[in-house]
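What follows is chain A paired twice: with chain B in the first complex and chain C in the second.
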Partner chain A sequence: MIMTERVFIEPQPTSETQTFWEAAKEGRFFIKRCDACEKAHWYPREHCPFCTSMDTKWVEASGEGVIYSFSIMRRAKPPYVMAYVTLSEGPTMMTNLIECDPVALRIGDPVSVAFVETAEGNALPMFKPKAGAVR
Partner chain B sequence: MSEAQLSNALSGAVAISGVGHSDWIADYAAVRGGTKPYDSFGYAALAFKRALEDAGIDKSEIDGIVSGPPTAHERMCEVLGIDPNWGAQADAMMGIQAAAMAIHSGMCEVVALVYGNDQRSAAVNYGGSNAAGGNAFLSYIYHAPWGFTSQGALYAIMLRRFMHDTGFTEADLGQVAVAQRLHSSLNPNAIMQKRVTIEEYLSTHYVTEPLHLLDYCLINDGGVAFIMMSAERARRGKRKPAVIHGIGRHDLSRDATSLVPRLTNFYRPAQKKVAEQVFNMAGVGPRDMSCLQIYDSFSVHIPLALEGYGYCGYGEAAKFFADTGISLERGLPVNTSGGHLSESYMQGWNHQVEAVRQIRGECGARQVPDCRYVHYSSDVAGKALSIIYGH
Partner chain C sequence: MAHPALAYIAGAYEHPTRDAGGKTLAQLQIEAALGALADAGLSKDDIDGFFCGPDAPGTGPLSIADYMNLNLRHVDTTNTSGSSYLLHVSHAAQAIAAGKCDVALITLAGRPRAEGRGKGGLVRRDDPNQPDFQWEQPFGIQILNVYGMTAMRHMHLYGTTSEQLAWIKVAASHHAQYNERAFSRDLVSVEDVVNSPMVADPLHRLDCCVVTDGGGALIVTRAEIAKSLKRPLVKVIGAGERPQHQQGGYFEITQSGAFWSGKAAFAQAGVSPADIKYVSLYDSFTITVLMQLEDLGFCAKGEGGRFVMDGNLISGVGKLPFNTDGGGLCNNHPGNRGGMTKIIEAVRQVRGEAHPAVQVRNCDLALANGIGGQLGVRHASGTLILERE
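The block that comes next holds the complex of A and B.
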């Protein structure tokens, strides 16, 4: 059987997210942190969602997180795993889990970032189970 | 201002005096057969005509119009042939709230709320990269590059976390589809009338695991309309009115795009506020409700609403299903028409029709005996809203 190759919708960078997508192409995972209240947020915004300060700056995230929840997209061709992952910096983001056995995944499992390239050369931060993770 | 002090002046002030809708079963068959009975305006106009007949009033009495989201307001008024003194474009719940305020404040006296949607024949996609303005609109579409392009994925991710946190199971969730099919089997207007067993539910395929096929609402064409006026005026009319004793709303917009309100607290903070608003306003509580109508784009809305509005404690929905029950056979009936899963997907509008008919006592085989109060809740699109209907 020939596996259908997954086709990604290309990201559409905006003034708020251009830096994020450029960094992603270099394999770097950027998030925004607020200088006024020191909280990190996702998705990247010019105004801090917590204190409305405009003093937000880009910081490179650790790329570490844990699975908050996930769903296997059974009707997609090919199927894939949508997931909501809580980053060690605090925010939780919508992403995919890759390089995994979907039925073996558990909420709370530690994961780390891995970039997947799209047809047009963009890169999407996704997450894979940490090697040797003890459940 | 505390929740208890909000909008008490509206309690008992307004009522729904007439309801109408299109022929959901015939239109569903027609559309599947490749024909299109009406466009969205046509479905709405048919429902409007039937609502006027049901209320026993003449079109000339209408001086306010609420048109649903799919249909342009000015065009709707043109199609209906009405030049109103007041109007709004709103979904079912926000429309009822706005109409109640407009009537109570004297902006107008009799409001027709009309909704038409050709979503099936027009192949409307409530997901995908072009939904809701596509990448130009910052909603869950923001996550389209990762393949997060459907409402189903959102509710599936929420459900898995809810199951993890509370011990709720897929078989527990299946009780919703089973109960609502029992109800729709007693409803001559329902599109899906075949009863299902829990085994049949569990054997249907996953769409977005852990959501099964029968956890999803229908997609069908149709229209719904209702007539609102002061309760005093409605009581002088030919039909028994469904009086609004409580109505309330609370939004969760912060971090909406990141999906935090839905995924990390299941809308509980909003439901808690709205429960205080509507139960205080109506002077009743969950134990006084004869049945519930809950917006059910997905079955998982039901356990979350039962917990969120205080019918049971957090994490106790499965126990409530088992000990009390949610069907006409046992316990507190939920979605007595079959709801969006089995009757018709009219985006909250058909739930109001069912609430009115239950209050009137005209539901035949699915009538809740001695129906005194009906609680409607919707928890979608960043908003928790509720109505308490009564006599």
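The block that comes next holds the complex of A and C.
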């Protein structure tokens, strides 16, 4: 877990998403995959947004992905990097990039998940440049 | 060239204020409505359909209908944020065709400056019941950074530059200098834009629209009524709408809903982008304009940066004059909802009533487009094609 001075809006888990947020507190990154059409989706839902099957399962994701896009919020205190990351499982998710030099980031760079703790003890899935990557 | 009319825009009015001070939201609503009625030559009791967005305070249309003392038989509160008013025109035309109303009033009013929201990025205050809330709010989603991400990816895929985006603001400022009511009449250069402070990479301060109080209103009616009035005839000949979202995590943020709403509107109108003499494009940010130009077919995807350069959007200079009132980038963005003013300037152009310095010669065909919500997350595009009769 990485502590930060940023104040986050708490995620407010629901009955549909409790499993994700409980796993996140243990540093495990889950996504939903449909057993009927076998497609992974984001954000997690009880039903499959593609085939509407209710036969969706939580699966532990690799936590690996690439930067889809990002924007540096320079006016925020402290500044942060808003991002979309495309997961190696397929879908693209909204997140933040951390532990990085924001101006050195490039779309397509490989990143891996790192959880950041909120004031109320929730863990947010964020991403950092992969160790050993060029930048 | 004459195409079948879906309905006529008989009245259009832009509230002159940019800083509402002592006026209430309800006062701005009624002043805009009365302005549009006066423009059309109609009176309050002619209105039998009322269309508004959530900027109208109260439960849907009820409080403002009560305040204005309207006698209605049709209401519609479609809300796609800033593009709502383009959809309202289309829905009003449908309601009129179905016999549900004869004279539709569409209003917008907002007072973000008077309410102390004139500065700083708009922070979304969403409802935790929204299924997306927990996956977006904790990460600090704001209007600025999602448009920033869209621009960043467009630059990555197509080589678009900050200097190219800046040309959009430059063109808007050229037009705003003639508009005495414009919030900002300063003529700016490409250098001014790219040297203004970076707010959410790659967007600079001057890539962003102004925040203003004010509003506007429209009167949409059927042919017999429009032709009985003493105003130039502006008919709606094509309309399209398209919500666009994250599609389960498989999306391309550099393609907006305008791709689909534009196709629908052009098909209905029976015209093509090459026929259009003037465009009003929602300019929440410079990137919003670039995306609409490409997605509506005025240039190929990825060519928007080159298309907007060298004053191509400036009236009298370039091939496709846009936002000749100065747009949201310079003139007015009442209540952070820019769709209404886009329609109003397109009506002025088609009537031949724009400022003489920016009036497009023989402007018999115009297009207005709005992107409401958030490009790059969830938004809805609305397209209208207007023709002079």
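The rule is simple: the second predicted complex is superposed on the first by the 129 of 135 C-alpha atoms of A that agree within 3 Å, B and C clash if a C-alpha of one lies under 4 Å from a C-alpha of the other, contacts with A are read in each partner's own complex, and residues count from 1 in each chain.
Here, a contact is a pair of C-beta atoms (placed from the backbone, for glycine too) under 8 Å apart; a residue touches a chain by one contact, two chains touch by 3 or more.
Values in this document were obtained by computation on a predicted structure and should not be read as measured data.
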item	value
Clash or fit (per the criteria above) of chain B with chain C on chain A	clash
Chain B versus chain C as contact partner of A:G90, first or second or both or neither	second
Which of chain B and chain C A:V66 touches, first, second, both or neither	neither
Which superposed partner A:T118 touches (first chain B, second chain C, both, neither)	both
First, second, both or neither for A:I98, with chain B first and chain C second	neither
First, second, both or neither for A:C37, with chain B first and chain C second	neither
In the superposition, chain B vs chain C on chain A residues touched	C
Doubly contacted residues of chain A, that is, touched by chain B and again by chain C	6, 8-12, 42-43, 49, 68-76, 80, 82-84, 91-96, 107, 118, 122, 124, 126
Touching residues on chain A, where the partner in the complex is chain C	6, 8-14, 16-17, 21, 39-43, 45, 49-50, 68-76, 80, 82-84, 90-96, 102, 106-108, 118, 122, 124, 126
Contacting residues of chain A [partner chain B, same complex]	6, 8-12, 42-43, 49, 68-76, 80, 82-84, 91-96, 107, 118, 122, 124, 126
Contacting residues of chain C [partner chain A, same complex]	120-121, 128, 131-142, 144-146, 148-153, 156, 197-203, 246-251, 253, 376-377
Interfacial residue positions of chain B with respect to chain A in the complex	129, 135, 140, 142-149, 153, 156-158, 160-161, 164, 205-211, 254-255, 257-260, 263-264
